[in-house]
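Take a look at the structure below.
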Amino acid sequence: MVPLSYYLILSAILFGLGTAGFLFKRNIVTIFMSVELMLNAVNLTFVALSYHFRQLDGQIFVFFVMVVAAAEAAVGLAIIIAVFRNRGSLNVDQMDLMKF
Amino acid sequence: MPNSYFQNYIPVLVMLGVVAFLAGAMLVLSYLLGQRRPSREKLAPYECGITPTGDARQRFSVKFYLVAMVFILFDVEVIFLYPWAVIFRELKLFGFVEMLLFILLVAAGFAYLWKKGILDWTKSDSGEFG
Amino acid sequence: MESNLQLWLIPTVPLLGALWNGLWGKRSSERAVASVAVGAVAVSFLLALRAFFALGDAPYLESYFSWIAAASFQAHFNFYLDPLSAVMALIVTGVGLLIHIYAVGYMSQEGGYYRFFCYMNLFLFFMLTLVLAGNYLLMFVGWEGVGLCSYLLIGFYFRREDAADAGKKAFITTRLGDFGFLIALLMIYSTFESLNYSEVLPAAASLPVESTAGPLTVICLLLLVGAAGKSAQVPLYVWLPDAMLGPTPVSALIHAATMVTAGVYIIARSSALYVHAPQALFMVALVGGITAFYAATIGIVQTDIKRILAYSTISQIGYMVMACGVAAFSAAIFHLMTHAFFKALLFLGAGSVIHALGGEQDIRKMGGLRHYLPRTYWSFLIACLAIAALPPFSGFFSKDPILWEAYVSPYGGILFWLLGILTAGITSFYIFRLFFLTFHGHSKTAVATSSGIHVAEPAHHGVPHESPPIMTWPLMILAALSLAGGWVGIPALWRGGDHWNLFLAPAFRLAALPTEHAVSHDAATEIIFTLASILVSVAGIALAYLLYCRRPELAAAAAARLRGLHTLVLNKYYVDEIYRSLFVQPLVVVSRELLWKGMDAAAIDGSFQGLANRTRRLGDRVRRMQSGNIRSYAGWVVLGAILLISFMVGLAS
Amino acid sequence: MPAWNLTAILPEAILTVVGIVVMLLGSFSSQNQDRGCRTVTLMGLAGATVAVVAQRQHQGAFFDGMFLVDPFGIFFHLLFFLIAALVVLSSADYLQAEKLTVGEFYTLLLFGTVGMGLMASANDLILSFIGLEISSLASYVLVGFRRGVASSSESALKYFLLGSFATAFFLYGIALLFGATGSTRLTQIQEILRNVSGRATAGAAGTVLLPTPSTLSSLAQGPEQFPTALLGLAASLLFVGLAFKVSAAPFQVWTPDVYQGAPTPVTAFLSTGPKAAAFAVFLRVFLVGLEQTADQWSALLWVSAALSMFIGNLAALWQSNMKRLLAYSSIAHAGYMLVAFTAHSVDGTSAVLFYLVAYAVMNLGAFLVVTHLGNRGERYVEMDDYAGLGYRSPLLAACLTIFLLSLIGIPLTGGFLGKFYVFRSALQADLIGLTILSVVNSAIAAYYYLRVMVAMYMNAPERPVPLEPVSSSVGVTLFICAGGTLWLGVFPQSILRLAENAAQWLLGAG
């Protein structure tokens, strides 16, 4: 069977990809998707660990994380729409009304 | 034991290879051997059906986003029904009441949406949430 | 002793006055505002008087309620009355009362009458809390409070940009010192498990004298930092000259008589700690001595009447601090009291002059005021004689023991005596320079008027006139005190009863010098030393007379030739010529070029300014971190996370 | 068992139900529902407070040890309800002037409070996470509540994106901690780590970055080889997430922008409520769960505390916008609290708790004055607009002065005693360097607060700034805040005793 470390490394890579996506993408929606990727990377860790420990806790956590992610998605979309209406753009680099 | 574990997947790998080879071969062969006589109908996105009008990349109503959001929320909330359904019998009345409460909470949200007119497609775009 | 003195009333009454004026003063008449404010202080003074006479041998403690009573930390609201705090309370309320009365007249043409008295009463509340507090934490409350009021009052003329800046400068500089105090306070608690004087002081007295720096030394040095900030000692004194932008009664009350002496009070209060930390004591003496000398030399070249007095205040407080440093605590408090009298008088007299001249503060533009302001003149003269320490004026009786102690005390030495005696000479010189330039010589205003030449001096409105009685009466009372105030402490040497030392002795019982240190000197030596100090003072006065009183006949001749304005200028050059031709010149040059401009303006003031500017520049760089860009923010987060992770993982492996 | 469990979360349950009621009330009743919504909200908060007070008789662990009813949690619950009630009271005028929907605002506020309550009582990291998300989601929306205003929606976007980014780190930390110890219950983790450290881990243990199945399966029973590196990784990820929420450096970057753009009452709420809740989780996770690894993370706290103070105070020197200035000051205050946290003692923890209360009262007050003066559309939030306030509105200026003095740390105010305890606990823990740094910072901070006071009392106004009359609800709130600030400075015992009790419980029994 696949050793636990494979899963952990995979999820670490996914988490890193999500982080990188957040840092290097310009479109707000893409950035938001990167965050979702990070959350799902953590989900993978949970599931893997849960399977490894032979306990259900980790699986249940994933449910919760998924629900939270969905709620976050809803709120996020609403905020993104509000921003788009105000600014007519989805480029994060233009979101700097307030600084210093 | 990783080795024996991965051996189980060898057929899958083989199939993947075969599929890739077949598809590639078909494309390459038809490109090399076939003859091309393009016409207007042939180049249209849908060879048979309605002729497309306008640009496909048009902005569509914000209502779609709203419905998408609402859908995600209610869809995901169903997640909690699955574990409950599995041990429904063990939890007896307590589980039933608990789930009833949960549904009630969701229903309250639904009532709120309804009242706010999210589900009313005939209202104009500049609604409260628009 | 009475069982209940209700000490809390002493500070509370001014607080009520402040509240009253703060809430309703805007709608009341000036008269009502003034009577509330002065009345509150008068009541407070009477209460302090009652407490003073009820005082017994043992310290009297009143505890009201527990302020902080957590398991690991206790502090109470309690007041502590012993000879030291009784004397301080009397000085504060007494001088405060006179200055309040004076201010009734002085401030009557200024705006914000009620605001002024509200702040002044509030100040007295905090000052009395500081003085009467029974523990260090409550003292700190008063300590911070007086700083705040001082800040409010310096910036009282808020339309003057520099006044607001001066207020801020005062607040920030003293705050640096305050934090020294705060840390000292925490260390006192961790060393003695209490903040009450009644527990800390005996506990400290029972500790061995620290031959090398230990916790007591650290505490004492930190307290010294606090004292230096509040009492304008080197190097934290820069705020006081600028603080003179506030109204003159404020300068008299806060920046001469009371608040700035709080540093001396705290050292005297902690005397039991200090005598067990000789190194800290030496630092105290050094700071005091250097300040006394240094500030006096700067006083020579100033031309603004209030700035001269400000430097003089710094110098005189330096004296007191030096006295503390040679463990002559009761002499320090004695000088604190007489200084409160004559310095308040000097400031009020200066205020009267400024008032008479319609706001003029430059002594080069004054002169001959003796004829116009007779009462101010005579009271000012008494104050000058007192600060110059001529017998039988009060300054003599308080300064002499300091000089003597500086020499004979086991903590003192010839160096401190020399610093003291030099300062005494310079003091009498600069104060009489001020005196002669202001009151003697020819009146520049009068010259202009009699010669019929219109002098474009809009600040002067007409002939100088004496201030109203409400302003001169306090002057005269203070003059009487400056003359006679020292008689309570005439030492046995002069057939006096030495009442002062006997009265204050209980307060410094825990700080008494070990008997084996007491070196006995014969009376002859002491008389010689005293004569020397008198001689130096007289020499200073004589020099000032020589330099600044030869002018009248020159000015008169010039006036006769109807070339008033021209000769005025000429005359000024004449003074400068005399100045240069005399042996004072090197001192003046050094003082002006090196000490004032070099050290005071550039190094000390500049370094504070530089520090402030550098801090601000750093702040600018820091805020550039907030570029407003989400991705760069995320970059900071990731960067921080990477550093954190590598640190933690590196630590683990 | 089920019946008892419900009493444990009764306050949260009440608030949830009231939140839903207010939400429906706001959308179903046609007009003039503002007052009704406010009354119901306040009654709900009062009911929840009663429930919390009643809970003192029923302390213990509930829901299989996930949820604790203990003095620590109760302390925070009371603080949250106080904050929420003050924000509700003070925002009424603002919402009306800005024409914002009242029902949803209060609903979100209540839901946010529910999340904060869960955070404070959670003994299970997953519950902490859910509480954190509930309160964060509510705050994201609240920040963007002025939908039509570009700066508001922009700051909502910033807060949302960066917030969920940081939450992902936090969650990853939970997952890895779960991997390292096999549990997410803080008290269980504490036990496991105690057993491990009691057994003196082998030198080779540290080299295991990623545990092999053999090491992990033995973890639950008590390992010979323990993945310390994994533990360190988990701790630092948790630290990132929590430091972000309390806006401690170097994860404070979002704070000024979000605080500036958010509606002012929301800023007041954010800087006190969710921050306090994040501190609650912070304290629980590090002082209970990761107590054994204190030598490692205390260095992180040290650096973070020092950085927060310096960054907050230095950058604040340049601000002219009051909201932004208070935002930077909020970073600095988080730094002071971290100083006490670093002390890692009962005194330090109680200092943090006391400071949180004092900070909540004075900061809410300061923001309330800013809200009131800001007028419609938050037009007057520059420092110049405060010029001459001391003459135009002496009472308002006096209140703001009290808050500013307290923020500086002048005696007889809560802020002074808060700082005093912080310094004391730091000195007791021999954190001399850090104490000196915080003292230096207090001196720097005095400068920019004074600038506001100078403006109020010593400058003449440059442009006419209209002053609305103070309504009764604003007046009452101001009075509570100013009175509370002074009360904490003069009679701090009662709060201090509660804080000490909570701290003792956390470090002793926890």
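For clarity, chains are labelled A, B, C and D in written order, and residue numbers in each chain start from 1.
The working rule: a contact is a pair of C-beta atoms (placed from the backbone, for glycine too) under 8 Å apart; a residue touches a chain by one contact, two chains touch by 3 or more.
All values derive from a computational prediction rather than experimental measurement.
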Revision key, fill the gap. Nearest to the mean of all protein Cα atoms is the Cα centre of chain D
**Study point:** Where chain B and chain D are represented by their mean Cα positions, the distance between them in whole Å
**Key:** 39
**Study point:** Centre distance in Å when chain A and chain C are each reduced to the mean of their C-alpha atoms
**Key:** 64
Practice item. Averaged over CA atoms, how far is the centre of chain C from the centre of chain D? Could you give it in whole Å? Key: 44
Revision key, fill the gap. Rounded to the nearest Å, the gap separating the Cα centres of chain B and chain C is 81
Point to revise | Multi-partner residues of chain A (each touching 2 or more other chains) | key: 3, 22, 31, 71, 78, 92, 95, 97-100
**Study point:** Shared interface positions of chain C, touching two or more other chains
**Key:** 623, 626, 628, 630, 634
Revision key, fill the gap. So chain D residues touching two or more other chains come to 157-158, 161, 165, 256-257, 315, 318
Review point. What is the complete set of touching chain pairs?
Key: A-B, A-C, A-D, B-D, C-D
Practice item. Would you tell me which residues of chain D are touching chain A in their complex? Key: 126, 129-130, 133, 137, 140-141, 144, 147-151, 153-158, 160-161, 164-165, 168, 171-172, 174-176, 178-179, 182, 184, 210-213, 216-217, 220, 256-257, 260-261, 315, 318, 324
Check your understanding: Given the complex with chain D, which residues does chain B contribute to the contact?
Key -> 94, 105, 108, 111-112, 115-116
Study note, to complete from the structure: Within their complex, chain A touches chain D through residues 3-5, 8-9, 15, 18, 22, 28, 31-32, 35, 38-39, 41-42, 45-46, 49, 52-53, 55, 57-58, 61, 64-65, 68, 71-72, 75-76, 78-80, 82-83, 85-87, 92, 95, 97-100
Practice item. Sort out for me which residues of chain C touch chain A in the complex. Key: 623-624, 626-631, 634-635, 638
Revision key, fill the gap. Per the touch rule above, chain D residues touching chain B in the complex are 2, 16, 20, 23-24, 27-28
